[in-house]
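In what follows, chain A forms one complex with chain B and a second complex with chain C.
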Partner chain A sequence: MRPKSVISCPHMGSYHIIFGQLLRRLFPDAQVLMPPPITQKTVDIGGRYSPDFVCAPFKLNLGNYIEALEAGANTLFQSGLGCRYGYYGELQEQILRDLGYDFTFVCLSRQRARPLAVSAILRGAGCPLPAHKIGAAFYLAAKSAKILDEYEYWMRENVGFEAVPGSCAAIHENLLNALSRAFCLRDLRSAQSYAARAISKIKLNRPENPLRVGIVGDLYTLMEPSGNFYLEKQLAREGVAVSRIMGLCFLLTPKNRRRLIGESGGYLMYPVGANGADSVSQSLSYARMGYDGILHIKSFGCIPELNAAPALANLCGDEGIPILELSFDCHTSRAGTETRIEAFADMLRRKRDAKIRTPGA
Partner chain B sequence: MTIGIPKALLYYRYGVMWEVFFTALGCKILIGPDTGRAIMEEGIALSAGECCLPSKIFLGHAANLIGKCDRILVPRFERTAADEEFCVRFWGLPDVVRGTLPGADILSYNLAGDERAGFIKLGAQLGFGLTKTLRAYQKAKKAQQNADAAAMARQNLLLSGGGMKILAAAHPYIIHDKYIGAPILRIMEDCGARPVFAEHCNRLLCRRRSKKLSRDLYWTVNKEILGAAVHLTGKISGVIFISAFPCGTDSLAAELALRRMRDIPAAHIILDEQSGEAGLQTRIECFTEILRERGKPSVAS
Partner chain C sequence: MQKSARLGLDIGSVSTKAVVTDEDGAILASSYLWTQGGPVPAVKEALRELREKLPRDVKIVCVGVTGSARRLIGAMLEADAVKNEITAHAAGTLSRYPDTRTILEIGGQDSKIILLDEGIVTDYAMNSLCAAGTGAFLSAQAKRLGMEIEELGAAALRSRRPSKIAARCSVFAESDMIHKAQTGHSREDLVAGLCRAVVLSFLNNVGKGKRIRGPVVFQGGVSKNIGVLSAFRAELAQEIHVDVNSHLMGAVGASILADSGKRRRAEFDFSVADIPFSTQAKECAGCANSCEVVSIHKDGELLDRFGARCGGA
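Showing the complex of A and B:
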């Protein structure tokens, strides 16, 4: 008899709730075991067994896998899209095998991420559902991601101004619980209306015109707060309204190549890989909407974002909007990041004050 | 009109083709000088610190050509086939050069599957008609194929001869660069090893052979490097992987190859802008010594 599958997959911000929900639906007979939350230990283990200069998400994923395997998982999931991410799976599996772990590795990367291939691979991994039920499970997960993204977008904008500290986080917690338990669209609707009701009741001390910062960059580093030392939270504590469009739904939405280049306002001629062109087009729209600053966040050596960096620098120079670029790796220091964020927020505040004192300048 | 061609990155793969193409169209060409300290320093100063060394060197070359020619060729390489692509670095090359060097007048073409279509657009940008461009392209293609075949024949001759042969498994723009790659080749020769190159093998065959090492690999050049290691097993004594810091594709592909190659000795050298020659010397010397000891009957038995 085949031993019972214990399924796990890497973390990515609060989306582990959605991955868990999806996996539980796809594999009703298996146990779904999410890796323990990312800690310094995860970062250290992942970094130790990864190649030196691979991008940080690889290292964090690997740390997650090792901790999950240690906790008893025996089936690991990985996906893979553009740039280097498409090749993560094969090497991660090899590294884990070299470490002596025994497990099944299910990799839905690139060509294997197409719907037909996905259902064949899932079936092979022991999913008993017919194709339309697999489709339904993915649909439910996508809808859940949309609800979560919408709430988190609102939360980033407003959490810095909540009257009762922790009230936004409490709603977030409840929403995550509801989404992880959701089993049909009706559950999702009630989760959504819960979030809407909670938002309308929450007390905010939001100034009329707060400092606003737009965040762009490489998606994993943006979405996984333990990979960027919770910098969005820190910005909120500094009283900054944070805007970030890039999230799971954004990642999964197909984009029109030509429109993307058009929206980058002449700063790019071609797509520069992964979400590099999105970083440029979104920064441009933040600048035109009168935001106070832009944060460009990436993992160390992220090629698409490095390709976009010269365009971003020119754009920010032309539009007169300050930009702070931060790179993250296993060796990045928390204190260094916090100091720079603090200094950036300070600078934005002074710039704003100076503008008020000398209008028109 | 003078077209400047930076002697960096994929010049080492398509250089002959570019030269013949522009000459056949009646343009003058200016091939940049070999990489030197000054060009590298300039490229480093112009680039973000975490860019890979070859891309910094490319920027140095491009900056060096400004003012010496009318247009600078900065092509974009996306993919050669549906499931084969170039490192994302090449996708952004024209935009990086344009964004960093506003004074450079860039001439670009996009290799996305259909090479011919890219060249037709290139000709059109220069104001040449379809027929003339196509004729030039065919001539250029032929010249590149001949050059590649000649290099392959030279290497086959070397492979059939005696002596220790080591595969210098690196991107061509690293190993053939006169500043960062040449010292390695010189040291290898000094240690009595003849270097052989992945790009001087049958590339198509190598790309297919790479499946033996890696099922998922999709970077064209890395496929050729890994495939060459498979293809040449038995004909060479060892493999030295040479990567530039922090090469995105090598960070994964070379690591996987090192973990999976069981029947051939391999080493991995990482180059950066601070590399000293003494370190290289020691490592290559050690590696060749080991290979020599392995060849002795007492160890082999």
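Showing the complex of A and C:
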């Protein structure tokens, strides 16, 4: 008889709530144990056992795994797919085995994540549910992600203008709790209406035309604030409304590559891997909507975003919109990021004051 | 009648710059010295120097700080403005050259390019990750060749056939230099090649994809190096302005930014230079983040504390 599974998976922003909800539904007999929150210690141990030139998300994932294993997990999940991320699972499993850990590794992307392959993988990991219930669990998780993404999108736009500091974060906290406990669609509906009510009651001192920055780049680095020194928070403190479409739901939405190349306005001829073309097409639409600036965020060595960078530079030059490119690894100094963000916000503000561009035009 | 003036400091990793400017931005007194890893003593030394140089009838009504130690020194001097280097450099340069469209700045550890349009910063870039082609690298190479950093520029100008030095990375540049030296290149040719490598690395890494339009102003400590300046002129094929006070522009800018109209003090008290300040960096044990929290004490009394990710500490 197998020992009781203790399941864990890496962190990614606040989505651990949704991963946890999904895993608890899929494995009712197992214990789900999320790794401790990402701290400097996570970064240190992840970095120590990772290849030096692999991108930062790999290192953070590995740090999460090690901390989860130390806390008692014996079954680790990885999704994979996308870019080099598709190979993460293989390498991470090997590194952890070499370190002497004993665990089951479940990598959903093997066999290209075909639904049948995924359900076979889940069965192998001990999921007792029939196919339609597996589908229902994924459906509930996807719906939860949508509610979370919608709230977080609103929050990024408005948190810089809240009248009572911390009020947006308090709603966020409550919403996460509700989603993590959700077990059926009715729970989701009540979470969603809670968020809508809370939003309508919150007091904002939002100017009519705030500074607006659109964020694009590699998705993990965007979504995991401890991987980017909480730069969205800093922008909010500078009084900037932040737009970022890229989130979990965006990641899971299938995209038409040819249309994406068309939407990148001639700045790309071919797909450049993962979400590189999305970065270009979204930046173009931000520029055309009259945004004040673009932030391009990537982990150091992210090939798709590196490919997108020259197209972005041309685009921003032509459209006359400033772009700030930031690369993150486990060692980039927080002070350097803060200086660049502060200077960026300062520049946008002064530019706006001088009315060189008319926003919203 | 006392004249009102503004104090600006730029506390960089390598050098500390301090200026007192009058209402029109003219420099009344200045100080330039090595930080040598100790921003607090360096600032005190600079203040003592300014106190001696400054005419009696000048009173300082506001203080601005910039540079990598701005947070610490801002707390120490209770500054009116604590600003990033980009904004400060642009403000300083615009007070001298209002038409500037490109600022090239190379300092001790970082380098930046700032693009302006009608006096407004429209784009900028800073070096990322590595200090290739900055002042610290030039100093290290001068030292290795047994030269004073001040003579490096003049020596470079004497060269007739600059050596080819790899520009991408300072480690490669150094091995190129060693190799060329061992095969018999003269020191003049080597340093001329080095100056060119610094310029190429700046244009490729920091200035990549940016349109450099005149008037161009070059500043920061390295702008004093005539070898690098002439390499820039050759590479960009246009006139490049270097102010006599090009090394002080960040501090001048900080002094201008301090003057935001809300004056908090009647007069800045230079006696701060004689008060003992102590700083202490401690790893916070509150959580696994182990943030390095720095606290600064003025005469034994806690003045400010920063560095914690949670905002607490």
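Keep in mind that, in the parts below, the second predicted complex is superposed on the first by the 353 of 361 C-alpha atoms of A that agree within 3 Å, B and C clash if a C-alpha of one lies under 4 Å from a C-alpha of the other, contacts with A are read in each partner's own complex, and residues count from 1 in each chain.
Definition applied: contacts are C-beta pairs under 8 Å (C-beta built on N, C-alpha and C of every residue); 3 or more make two chains touch, one makes a residue touch a chain.
From a predicted model like this one, the values you see are computed outputs, not experimental measurements.
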{"item": "Partner chain(s) touched by A:Ser109 [first = chain B, second = chain C, both, neither]", "value": "first"}
{"item": "First (chain B), second (chain C), both or neither touched by A:Gly276", "value": "first"}
{"item": "Contacts of A:Ala313 with chain B and chain C, given as first, second, both or neither", "value": "both"}
{"item": "Partner chain in contact with A:Tyr87 - chain B first, chain C second, else both or neither", "value": "first"}
{"item": "Contacts of A:Thr339 with chain B and chain C, given as first, second, both or neither", "value": "second"}
{"item": "Chain B versus chain C as contact partner of A:Pro322, first or second or both or neither", "value": "second"}
{"item": "Partner chain(s) touched by A:Gln40 [first = chain B, second = chain C, both, neither]", "value": "second"}
{"item": "Touched partner set for A:Lys351, first chain B, second chain C, both or neither", "value": "second"}
{"item": "First (chain B), second (chain C), both or neither touched by A:Ile121", "value": "neither"}
{"item": "Of chain C and chain B, partner touching more chain A residues", "value": "B"}
{"item": "Chain B/chain C common contact set on chain A", "value": "300, 310, 313-314, 327"}
{"item": "Residue ranges of chain A in contact with chain B within the complex", "value": "51-55, 58, 82-84, 86-91, 94-95, 98, 107, 109-111, 267-274, 276, 300-301, 303-304, 306-311, 313-314, 327"}
{"item": "Chain B residues touching chain A - in the complex, by the definition given at the top", "value": "48, 50-52, 76, 83, 87-89, 91-92, 94-96, 98-100, 102, 108, 110, 214-219, 245-249, 251-256, 259-260, 270"}
{"item": "Parts of chain A lying in touch with chain C, wherever the complex brings them together", "value": "36, 39-42, 230, 300, 310, 313-314, 317, 320, 322-323, 327, 332, 335-336, 339-340, 342-343, 346-347, 350-351, 354, 356"}
{"item": "Of chain C, residues touching chain A in the complex", "value": "68, 83-87, 117-124, 126, 128-129, 208-209, 211, 287-291, 309"}
